[in-house]
């Protein structure tokens, strides 16, 4: 029951700050920061418990008990949840700390703290859920928090619009997600993970009628759930809210729109892998969506000039990577990338925030340059983050990204294509990351005098989280290192995905009887599970780095490539070297063009103006949505209101009845002459009619 | 014989009725009605209702129609250039057809069964007047009293309505 | 307290009677507040002593009233009406409080109206005799007509007249149906007896149509909704609250109390028709709301949309759907009532309902903004707030009954968010450019007292709805069993 | 023997002549006369039925009809005088106060 405190502590601080706002004001962090750190501490404890083979699953209370429908609020902590817990609470703690400095003096200081605490609670409720409805609860709540935080500076029109957009696009995704949940309930009759995952296999051949065609129910479920992931993880078609969300303060960009909330989609797909695994079609859709998003985001990121936008598009692109990984069944790789990405992307955002903070809230990289001398800590941490993102050995991104690429390589014909996309994206990623980096810290000094005079290194509360994350960015990747020692990420996460679908042993309303695989795995290798979160990868123990990979595939229907043995190992190294070279060339290109002021980019842009404008304008996707959805909807609504409602229904039909009555009255008025004989005449007429009718019929 | 008498009486009744409603001068109307009342009395005699025949003449001819004549003289109403209402053709047409329908319908009706209680012979034996009186003052005593009350009310009403200054002022206001 | 329910019904009327004798406005205000609060307090034992284990009516009182027509004073509650009664008594004090200063003219009469209104409303939910039901049902119109017509806005006469005649027209058909049933059921208006009377299917069809018109106007369902925006816009705040929170529920309650159990075959065969109208109402209402610039109109149209969920829930004949519909009724009462209260609060300050006049209220009225956003989120149906519970249950119920209906209705989730957030964005966020808005003061203590309990209730229902749900389980099961005995409803199998 | 239907038909014809009189005359006096005519037509019916059904009750009712006729004449003529006094007319067409 101690685990209940993990989400409840942030909730408590939210409530306290919310209720006693008046007395909190600028002291809000005094409650929030300790609470979230305590939550982090508990998460570490929980992680160790899980690693020690004590996963938990229990219900707190029944939420909506109606007949057979008995969803609960419950807590389930398995390996997947535990690693998410760590990520969420760690990043959240650091962001809380960072916020103390970053938001200092802001009018909504207390409000901001309240909301990020609420967000932390919601995100924890999401990942710790043991059923779909609580997942949905967290899912929507994080959306709300994201909304409230984007609109933090509500007086800016852009913030308001961005928040609106974020909420609506998320809601569209949530609609799909909700429908997916409905279908799960309708198919299985339960929303509890354990029950659903255990029973979904029995329905693998069920079909349903979709507008006249028979489709597989499980595919339908998977696709609908994935729509939710598309919305939340800003995948292609529901992606355009994420860059706009950068209107919010930078800490939340780091926390919500990089490290945690946007990864909920990947988390959900991983969590629901027993469903996805059953449907090749769904997996293919997932993989292709992810790959396309990765490419799409990267192409846009190439030309953006707003420092946060670049990072945002890069986030989108990386999320695409993770989704792609899920789509080929490489959940472990996806989750691992999620974790490493959470760390280094949060770092990048926070560092970018530090830059912005230091340079008088300027976000346009064209107006920066030579910032290195003002902020050494930021410089170094950002460098580490950029290296991690670019995928340079030995930083985190290298391991996780290459694992995805490797899994893709092994995933059949389609996988090869995905691999190619992945490599191209990797090149772009390296390029645009260092484009920003060089333009900010080197290049031509385009700062105004005023900016320059205020430029300074950020205070401790800002730099400490940066440093912590930078260290993390350096080491966290080694957890999934495929070369030396055991691949800890696979050892730890693998069992979740490895477990045969029909045997997921989560029992309803009872303590979870998780297979003790994790503990055994660690025990066999003589490993100290308690040290798992710490960066220690150089354990020289011999272990097959792919021990878990086939397992991950075993369940996967899409990634059916068989692989194993020495040949693959060589191949893997070759591919690693290749992608390293690709990333390196990307960095070199950025160096060549942006380290010193250079005409080359402008020339290139001029010669491919169409492409350049397209990328700069996000391939006109906003304009397209505006023209296809927004404006027609508004126009249609207005038209419908004016014509259908006000005129047809109200005036013609409803008031029409009244007017007809009135006209009738006006006509009948003339029969009211006041003369007795007329009345008598009408009576006679009546007699005539009655008698006539009587005789006729 | 009786049939001939009936035909005569009925024909005169109808003609007088038509005259009553159609003649221009009110006095002629009254006189036509008077004629009709006499013939109705004749019909009553045909139907063995001698008492009623007498009452018909005394009350209707003697009292009611005389009252009309008094009023006519009292008011001295100008004869109007147009004595018929505009809707008269419709009235004649519609009611004419109604009458036609009724006449058609009533041709061969059988209504009720003779009770045999007051056969012509029985009435003759005790006398028409006594027969009515017996009925009126026994079974119909209460209606009879009510009728007298109606007359009383009518009398008071007539007085109140015609008395100058009682109603007129109100109406004028 | 043997006659607890009678007390709950007639206490406000007694209060109104006393208020007639008192001339002082201030005293009457206090009297009204005390009466309504007392009424709420004595209605609580209904809930606490309610036996969850039986579908029978409880707290029944039955006295012969008009023996000639076998009309009885017969009242009682079951799981379906209990929550609605509690909700009615719960909201009444807020109506009094929000009219405390807002109604300057003839305040005393206003309070009397509110109290009379409450008697009629509780009476409708508690009546177990159809004639009694009808009397309360119609009696409700009079104070509402006065509230809109006397204390309303500029076009109040038009709105009040439209409201009155529209509803009355529907009610008359109800009367016809009622009299027919009276004769068919062997000269009784008794609701439990009528529930056990089988009516011929052809007769049911016409009876259902007659009742449908009456109830659909009140709900209001799609083509019968146009009185609502007018009435809402013109009504004073308390009037809007009562309208939205309680009166709209009467129609839905009527469907549950009469159509489903008494006219089961007709209900089943006309289900596709009702579901279609409901889906149209959800989507159409949302689109209408989107086009509004008048805050009250926007919320009024949102009510059309939300009540669409209620009617869908009732006509899917499963426990999720029907309980969801009842929850949705309660939630809509709380949430929309609260939204109207919010609008009233801001209207008292600015005397305009034009959305373009507002903006940036978060800056000048942070507490108000917080409450408003909370209620908006509840209206959107965010998990954790009350709105989610009803909406989700209804949608899930609808989805299991007929997938297409479920899917189409679920689009209301998105559309609801669109118009509600549009309202929030225009009103609460964005720049506080209007100088009038910069002078606004935040909630007073009185206003805070009004909103705070509603905020609490929003979350209580949202996070722990079990106490609200458990009272209705058995009654709803009973209702479903009544319908389940008959042949399955025709399905619109487009997605099945 | 004269059949009952003859009397009934006669009565009906007379009655409707009376109705026509009520409908088509402009003078109140003649309208009242027409009403007397209708009453008489009814009386013929009563008496005829009384005779043919061998029951004296019909004749008793004629008696009552007579009373009503007398009362009607008294009140009617009184009204007529009152109207004439106020409006100097006995023309029914000009009396449209019932419109208000």
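Read from first to last, the chains carry the letters A, B, C and D; within each, the first residue is number 1.
One rule holds for everything that comes next: a contact is a pair of C-beta atoms (placed from the backbone, for glycine too) under 8 Å apart; a residue touches a chain by one contact, two chains touch by 3 or more.
This is a predicted model, so every value here is computed, not measured.
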Starting at chain B, figure out the least number of steps needed to reach chain C through touching chains. 2
Which chain pair is joined by more contacting C-beta pairs, A-D or B-D? B-D
For chain B and chain D, let me know how many angstrom lie between their CA-based centres, rounded off. 6
Using the average of all C-alpha atoms in each chain as its centre, how far is it in Å between chain A and chain D? 96
Chain-centre distance (mean CA atoms) for chain A and chain B, in whole Å, is 101
With centres defined as the mean C-alpha position, give me the chain A-chain C separation in Å. 38
At which residue positions does chain B touch at least two other chains? 85, 87, 91, 95, 98, 102
Residues of chain C that touch two or more other chains: which are they? none
Multi-partner residues of chain D (each touching 2 or more other chains): 19, 23-24, 92-93
Chain A residues touching chain C - in the complex, by the definition given at the top: 18, 21, 61-67, 69, 133, 136-137, 139-141, 144, 147-148, 151, 154-157, 159-161, 163-164, 167-168, 171-172, 174-175, 178-179, 182-183, 185-186, 208-212, 633-634, 636-638, 640-642, 644-645, 649-650, 653-654, 658
Within their complex, state which residues of chain B touch chain D. 2-3, 6, 10, 13-14, 17-18, 20-21, 26, 29-30, 33, 36-37, 40, 43-44, 46-49, 51-52, 55-56, 59-60, 63-64, 67-68, 71-72, 74-75, 77, 80, 82-88, 91-92, 95-96, 98-99, 102-103, 106-109, 111-120, 122-123, 128, 131-132, 135-136, 140, 143-144, 147-148, 150-151, 153-155, 157-162, 164, 167-168, 171-172
Contact set on chain D toward chain A in their complex: 19, 22-24, 31, 92-93, 95-100
Over in the complex, which chain B residues touch chain A? Could you list them? 85, 87, 90-91, 94-95, 97-98, 101-102, 105
Of all residues in chain A, which touch chain D in the complex? 672-677, 680-681, 684
